[in-house]
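Comments concern the structure below.
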Amino acid sequence: MSSQLDFEFLIDTFFVALSGVPIALLITVVAMTIALPLGFLLALTRINRLPILSQFSSVYVSFVRGTPVIVQIFIIYNSVPILLEEIFQKYDVGMKVYDVNPIWYAFIVFSLNTTAILIEVFRSAISTVSKGQLEAAMAVGLTTLQAFRRIIIPQTLVVALPNICTATVNLIKATSLGYAMSLHEITLRAQVAANPGYNYVEAYIDIFLVYLIICSLVEFLFKLYEKRLSKYKLVIA
Amino acid sequence: ADEASSDSGVRKIKVAYDQASKPISWLDENGNATGYDVEVMKLVDELLPDYEFEYVGTTNEDLLIGVTQGKYHVGVKNAFWTEERTKKFIYPEEFLGLSSTGLVLKKENEHIKTLEQFASENMTLAPIAANNAQYTVIDEYNKANPDNPVKLQAGDAFSVDVIQWVNEGRVDGGVSIEGPFEKQVLAEDGPYHNLVDEVVYNEFAVIKTWPLFNKEEQKFADAYDEAIKKLKEDKKLNELMKQFYGRDLFEVLEKVER
Amino acid sequence: MLQIKNIHKSFGKNQILKGVDVQIEKGDVTVILGPSGSGKTTFLRCINFLERADEGEIKVDNIETSFNKARKKDILAIRKKTAFVFQNYSLFNNKTALGNVTEGLVVGRKIPKAKAIEIGKQALDKVGLSDKYDAYPSQLSGGQQQRVGIARAIAVNPDIILFDEPTSALDPELVGEVLEVMRTLANEGKTMLVVTHEMSFARDVANKVIFMDDGVIVEEGTPDEIFAAPKEVRTQQFLKRILRD
Amino acid sequence: MLQIKNIHKSFGKNQILKGVDVQIEKGDVTVILGPSGSGKTTFLRCINFLERADEGEIKVDNIETSFNKARKKDILAIRKKTAFVFQNYSLFNNKTALGNVTEGLVVGRKIPKAKAIEIGKQALDKVGLSDKYDAYPSQLSGGQQQRVGIARAIAVNPDIILFDEPTSALDPELVGEVLEVMRTLANEGKTMLVVTHEMSFARDVANKVIFMDDGVIVEEGTPDEIFAAPKEVRTQQFLKRILRD
Amino acid sequence: MEKYFDASYLWGAFPMLIPYLKVTFWVVILTVLFGTLLGFMLAAMKVGNSKIARKIANGYTTVLRCTPSIVLLFLVYYGVPALISNIGIDINDWDKIFFVVLTFTLQFGAIMSEVIRSAYESIDKGQFEAAVSVGLSNKQAYWRIVVPQAFVVALPNFGNALLELMKEGSLAYTIGLIDVMGKANLIIAGNYNSHALEIYIAISIIYWILSIAIEQFFSLLEKLFSKGKQVIKSV
């Protein structure tokens, strides 16, 4: 890339962008905390074809996975408050809908999305663990819950981890869509800084660097964990 | 990119424009570039036989990066002038257009005419896209009035429907430029004409807008200056302004501060 | 101790178990013989609810229920009273040999970890795996895996042990040893239900032999009755071929 | 036919094979005996390059190479001349019984599909699985799976068959049948290397018995020599315990 | 609510949006094709024996996965022509779809490489061994025995990646390539940013239908390929 980069701006804005990391990570952590168990459970309902739940989860998955997050944000951000406002007025709830911190919307949207992704991740991973493992666990007197926690999930995780990692990294990047809700995360901060001088090239370099750093860190942690979990495994050489 | 000239000596110029900024510039249903900024550039093109313009529709960010990088030679996006921006782009001598900026308010708040008033009544403002010129205007006001700032929030152009938000009471006011308000609310066939008695537009500033030239396009920028001067003398721009904004802003030119 | 009545089980259209009744008293060592595919494994699996039988009743100790109606609580209770040695080992892939053995103790039966490890090591020692505590299943030979499976079953000290061909992957030397372990268990009064092809074990240790074919019990009796004077033609055939060697 | 010299193999620090030499002539039926964990499976796996031995040479027919230097081409050629019956069956999960058997014919050896199916069915018939052509491994009993594994090996009509405990999961009746199949193969002049605990098979069919322990060959000879007059103390011990039954 | 919501905008949007699906489809199809190939190559490098290849593939995955799509798009749109102009070819004027597909291919490859690797590693080693032992070459063993089983494991994650791609494709709009999502934005802009909700609902209905169709196709594939598989059912 040619032209004069404004290095001073580049460096200053790097830290501006960096200051958006906590909010991005907060959303990521909250969404993951909700989505991991929920995704696993719903994956089971799909595998077991539990009547109502599995239909519900498949409709849910197809919608949430299928439509752009930005559209979901838009719809939720624009219609939920209107609906709530009407309800609040009707029942005289003394709360202002529009005072709700937009981060709550972010939590909801991103949790719903990540859950849908993880359902599929887990569905494929669970199917790689042989049935005998569950049977053996139950035969030594573990409850189903214990069997899953101690035997099935650890083996499932090994297969799922690379894809959970992808999902996490995607989630961190997707939090940038929070700008649509005025969430001051990484991208928005950098763009705001870029506007007065139109330093967009520098801003995007900073955005790039910040995401690269946090995402590779996250990826590194995942790799470590994967190694630890999979030490029992012999893979096709 | 300078070598892009063809054998005939006519140089191809890529004009980038914001394709979703009606009525300033947009890509219409038939896939043609139009809007005030674009139409002005078309007139400029006619006056410059050595240049041939090609219009590239794109987004704000890409326009800015593309012009910086020389992929596009010039860009129009209702851009305001700031000192810092002159480091990145060539601003020509002559401005391209004028933009009326104002507050969209509920009818009951009609009395608020300035940002000072708005700020002192402690009202909330709809988020403004960070790459939007209006953001800069408010931001500059805030820097100038640190003891009485407007509550400024960056957001997204598409997720914020200013008129709706104000009408719903989700915010007390929003910044808008006159053209869209005119077309949405005041026009008989406007999508929000039903709100014509609910919301008002109070102008607080008229601002010059500029085309942005790539740093190496000084010669082209000079040629532009020549052409646009002529267009202004011929009152061509006044007509376009009426056509796209429904009002000739040149009437208030002497009051324009920047 | 264990009583099963009229158990039926089909896979799709294939009826595998066609009404089997078994009654086992405390301290009994019952051997099930039968050709491949006759439903022996399926029978054991149904007892432990690893497979849901379609019909029939089961009574273990004081727990009495029917196969198709049994509730979670009953199933768990029955599983806690039994242990299962799988034909294909089914070790926990993600646990070491010792982990495999202690899992049921620590988690299933809430025995303190230190104590569980002690019991686990003893069980592994009993099957001759003192040097493989920390090996994962993928690092064990077939016979070693099978022995871990046996150790896992005996470690939980169940009322009844269900063995599904516990010596199939073992060399004769070890077969001897493992049968010795089982003999000891028998002498300790442990109740066992064993699918096996080891005639000598059946003859010496069992006090009851069941011959199964095609989903029904063809004949049952004491080892002497079955081996010396089988009544049914099918049993005679089966034994003739085996004992020829 | 098959000659192996000085094969060494370690897993990490554990030396499993410590210099084994074996020489097998065409038509030989060689039985490998030995306690669990002595390295029998590892030895067979190394011959088939499923495990890379650290050291040693191998000669199969006219192919001669060393274990650590063998090229892809040699390995494939050796594998085409051999077949392997796995201790834990290792059937293709995604293929039916018939698919398991024909895979090596159609893909590995380019035999026309129709012909392959014919051969495959014959092989399955031979091991008594005429009614299970279309069953997937997960729908087969342990013994049935093992028999599919055997059918899969004999179907490709290899020069040498490596058997790793081919009868471990079978009931005695079937053991007899499978051993009969192997006996037939032996009579047809097939070369076989068999890890087994079936003494009767070793005695009747083998013309050579190798006793392995702890990664070395302790003793080898004709069945008569080994069973009637073992020289080594370790062999005597092992046999004594086995033959007691 | 009626005051804000005007369904005629919703219905009116469909005929305008649907023609632009073509662009979405092209971007997705080309990207899936090239990206999956790239993913295979990277996955092979990751599980192969060469340490250097593994390092390269892992590094590539890290960087590409961690780069926000929009940044990558700019890098490709501006960086690649700059690089190529060094050898005297000007590709600045190439169709924008080229840069979009290139961007997503680079990224999709990285994601698919992890999908493929995890699926591959989940298949028991014995399957491969059994295949080579009956005389299949390594390649045949992979393609006939390992890959079909790994494929089933990969499918749901492949579906995730595909749907993700379909949606991300709308980023093409950033550089002015207009797909359905881009068109939706233009329609909204054409209405002076009003009635965006109706347009967005229309676009989500279109995407939803697409995603259902894709899912149906995938579950069909899954059924087809998971014969003989027994999965865990919690009793």
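Each chain gets a letter, A, B, C, D and E, in the order it is written, and its residues are counted from 1.
The criterion applied here is as follows: a residue touches a chain if its C-beta (ideal position, glycine included) is under 8 Å from a C-beta of that chain, and two chains touch if they have at least 3 such contacts.
By chain, UniProt protein names: A, E = Amino acid ABC transporter permease; C, D = Amino acid ABC transporter ATP-binding protein.
Here the structure is a predicted model, which is why all the values come from computation and not from measurement.
Where contacts are defined as at the top, ignoring subunit E still yields one piece in which all remaining chains are linked. Using the contact threshold fixed earlier, the set of chains in contact with both subunit B and subunit D is E.
Steps from subunit D to subunit E, taking the shortest chain of touch contacts, total 1. Per-pair counts of C-beta contacts peak for the chains A-E. The most distant chain from subunit E is C, comparing centres defined as mean Cα coordinates. The geometric centre of subunit C is 28 Å away from that of subunit D, both derived from CA atoms.
With centres taken as mean Cα positions, subunit E sits 36 Å from subunit B. For the pair subunit C and subunit E, the distance between mean C-alpha positions equals 50 Å.
The mean-CA centres of subunit A and subunit D are about 51 angstrom from one another, to the nearest whole unit.
Within subunit B, residues 61, 65, 69, 158-159, 161, 164, 168 each touch two or more of the remaining chains. In subunit E, the residues that reach two or more other chains under the touch definition are 4, 70, 74, 78, 82, 127, 196-197, 229-230, 235.
Among all residues of subunit D, those that touch two or more other chains are 88, 139. Within the complex formed with subunit A, the subunit B residues making contact are 61, 64-65, 68-70, 79, 82, 84-85, 87-89, 127, 130-132, 135-136, 139, 153-156, 158-159, 161, 164, 168-171, 212, 215. Of all the residues in subunit E, the ones that touch subunit A in their complex are 1, 4, 47, 62-63, 65-71, 74-75, 78-79, 82, 111, 114-115, 117-123, 125, 127-128, 146, 152-157, 159-161, 163-164, 166-167, 170, 181, 196-197, 200-201, 203-204, 207-208, 210-212, 214-215, 226, 229-235. Chain contact summary for the complex, subunit D toward subunit E: residues 45, 48-50, 72, 76, 79-80, 82-84, 86, 88, 90-96, 103-104, 107-109, 136-139, 152-153, 156, 158.
Those residues of subunit A that touch subunit E in the shared complex are 1-2, 44, 47-48, 58, 61-63, 65-69, 71-72, 74-75, 78-79, 82-83, 86, 117, 120-121, 123-131, 133-134, 138, 144, 148, 152, 158-163, 165-167, 169-170, 173, 176, 187, 204, 207-208, 211-212, 215-216, 219, 230, 233-237. Put simply, subunit A touches subunit C in their complex at residues 132-133, 135-143, 146, 150-151, 154-155, 158, 229, 231-234.
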